[in-house]
Amino acid sequence: MTQTLPATIPASLFEQRADAIVEAARELSDLGWTPATSSNFSMRVDDAHAAITVSGKHKGRLGRDDIMLIDLAGNAVGTDARPSAETALHTQIYRRWPAMQAVLHTHSRTQSVASRLYAGEGVIRLQGWELQKAISGYHSHDSVLEIPVFPNTQHMPELVARVDAWLEAGKPLHAYLIDGHGIYTWGRDMAETRRHLEALEFLLACELDLKRLRAS
Amino acid sequence: MTQTLPATIPASLFEQRADAIVEAARELSDLGWTPATSSNFSMRVDDAHAAITVSGKHKGRLGRDDIMLIDLAGNAVGTDARPSAETALHTQIYRRWPAMQAVLHTHSRTQSVASRLYAGEGVIRLQGWELQKAISGYHSHDSVLEIPVFPNTQHMPELVARVDAWLEAGKPLHAYLIDGHGIYTWGRDMAETRRHLEALEFLLACELDLKRLRAS
Amino acid sequence: MTQTLPATIPASLFEQRADAIVEAARELSDLGWTPATSSNFSMRVDDAHAAITVSGKHKGRLGRDDIMLIDLAGNAVGTDARPSAETALHTQIYRRWPAMQAVLHTHSRTQSVASRLYAGEGVIRLQGWELQKAISGYHSHDSVLEIPVFPNTQHMPELVARVDAWLEAGKPLHAYLIDGHGIYTWGRDMAETRRHLEALEFLLACELDLKRLRAS
Amino acid sequence: MTQTLPATIPASLFEQRADAIVEAARELSDLGWTPATSSNFSMRVDDAHAAITVSGKHKGRLGRDDIMLIDLAGNAVGTDARPSAETALHTQIYRRWPAMQAVLHTHSRTQSVASRLYAGEGVIRLQGWELQKAISGYHSHDSVLEIPVFPNTQHMPELVARVDAWLEAGKPLHAYLIDGHGIYTWGRDMAETRRHLEALEFLLACELDLKRLRAS
């Protein structure tokens, strides 16, 4: 892949973003959260651009060349590589929240199963877990953390509209699940985004375990 | 093991196939999908030959010498090594589909348990999972992916006949399970075959999890 | 972080403690027991001081600089770093039992789920497991090992009082769980404390598995 | 530990056995099957002696010095190290079957939980799994593989008598479980013994999974 950068973006800036994405992708792949070339990852580059994984590669074996530049309308910039079909879900976050710097979308077994199980209710409500405090803005296990579960579709504008509708209803949003699919979460830097993702995977797994055990 | 090659097969070609099989075997063994010397792996070499693992070795510790040449009738070629008892299931794939280049048979706990659970129905029907799109030819989570489960037998011609019967009924086939045993899947190169296997293991595990949770 | 030591504490002593904590933290992080920067670890330094992890770091990537000195009232000594909010639970152990040299608090999925499940009863009673013998003072699988489960709170003095009340009732205590949170355990050196933690994680996991299976 | 060898045992022979035990122990520890210093391992040295792990060490960090010589009555030979309390269960195998060269006793979560679940029946009957063929002497998934489950006791002669009684009843025996404890298995060399152990762990885990799922 050849990536030509706009004059306003130094090569060192793009490479820093690409390397951070490659490292996160490798670690998340090692956890088994990106099966069979699924999942996609991005970081903001500036007010108008983001770096994102190209479509369809094994996420444990990415190199700098597998990261491409897009504008916040989701168009490739300076490359003829094809961004992920789900790019619109990344750019939506960057357009809405100028402070957000990274978006991670993974596809773990826990995320996929939880999304199927709660798709009917359209939301998973987490309460009583100390680890909810790992989500920025939560300070007690007594708070309620709501993760919406949106219906899956191969048509991205429908999903973008679902996210918009949730936010326009005035509800907080730190992550969402897509039915039978996976999770999206974001943060003000890669470390916060990773912490959010790790906490959400843990909380979903605990919630499923508890559901099984309470039925025993 | 001494392997003498026919004049039409360059040593470099056979070695490339052997090395690709050894690498796949080591990675699948590390995942725990080849317990207690089970599982077998092959790649097409040319129109009339394939390379396949010899019988009974620990799949995480194979070397080039543990891969042997066979013809598509399943006979050893240029070696007195003994191919796996299940060789006939590999050659069946290569004979039927000239485009298929690799066949992987593993034996994970998920595969074994799923096969027992669905043996009565004779098929597992997967629907609603985004990862079905990792199987070549599937473009939506809404499609139905059917994996047949054939009865186990120590007599290979019976299994070959089951596979033939399924195909002659005009049904698509990308993989099959054998009851109490494991999975067979294949593809147009090793990467596609690995992606199929990884996706199928994930989908079977999700389906079992969901079944348990829906009963809770 | 700059750590100035009191004249009575040799640098080599503090560094030995810091390195032992860093090593334990890395190994426990690798097991997945410290998700999303949770968990905290300490070792006694002398009669009046302990070394403890600073607040909020990834526990798999700590260095010597992430370990700070505190007195047994929980105050930072010779540093302006902030100790964990849960420091009071560590110093309580060191004040009560002069022989105790290490305290480990982790946050595994098994620990979190078990604590939720048994919070109503306020205790988990383990009996019939050979591995109970890994807890110092237990010599038979026939003994009963009680692990109290205390309600979670963001106010540490409440938890300190719960621990005191349990001990004042004359009951043995080798570890406790906090509801929706994790486990605390301790020992006369790091090896004993690690053995306690590993045995308790194993016993809780077995107990949950058995509960699920007996309901089948 | 100082180990003096009888004149009839070459140092190289003892060291070969010690190294093989250390390697197996490290690999089984990495799998999590030897929690909290549990488990013990041995190999036959000659007609009258075996090498066995000393009591109470972390099984992932053994060295040659943690392996000691015993006679087949279970007495330490040429060392004042203390063999495991369960030594009598190892020597029983070597006395009964001259062909047996290795005995492995592990303590995985699956083994512990399965033993509790089937302790009432006193036996686990496995049938229909292809991997039963990994146990020497089994050639079909249709055969029945019986694993007895003996009551746990801290008094070894009781267990020795249980094993003798099973064998005197004329039943085949390739492994046994002890209630709430773990598994013993053996073989004609370390590779066969490892294959038996790996297959039994897999089969027990599959059987528990299937039990849970059939109840769903």
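Per-chain numbering from 1; labels A, B, C and D assigned in written order.
Operating definition for what follows: a contact is a pair of C-beta atoms (placed from the backbone, for glycine too) under 8 Å apart; a residue touches a chain by one contact, two chains touch by 3 or more.
Owing to the predicted nature of the structure, the values given are computational and were not obtained by experimental measurement.
Considering every other chain in turn, the ones in contact with both chain B and chain C prove to be A, D. Common neighbours of chain A and chain D under the contact definition above: B, C. Each chain gets a centre from the mean of its Cα atoms; the one farthest from the centre of chain D is A.
Under half of the residue numbers at the chain A-chain B interface are used by both copies of the sequence.
Between the two copies, chain B and chain D, the Cα superposition rotates by 90°, quoted to the nearest 5.
Once the centre of each chain is set as its mean CA position, chain C and chain D turn out to be 33 Å apart. Residues of chain B found to touch two or more other chains are 212, 214-215. Interfaces, counted as pairs of touching chains, are A-B, A-C, B-D, C-D. Considering their complex, residues 128-131, 134, 139-141, 191, 195-196, 198-199, 201-202, 205-206, 209-210, 212-216 of chain D touch chain B. Looking at the complex, you find that chain D touches chain C at residues 35-38, 58, 107, 109, 112-113, 116-117, 152, 154, 178-182, 208, 211-212, 214-215.
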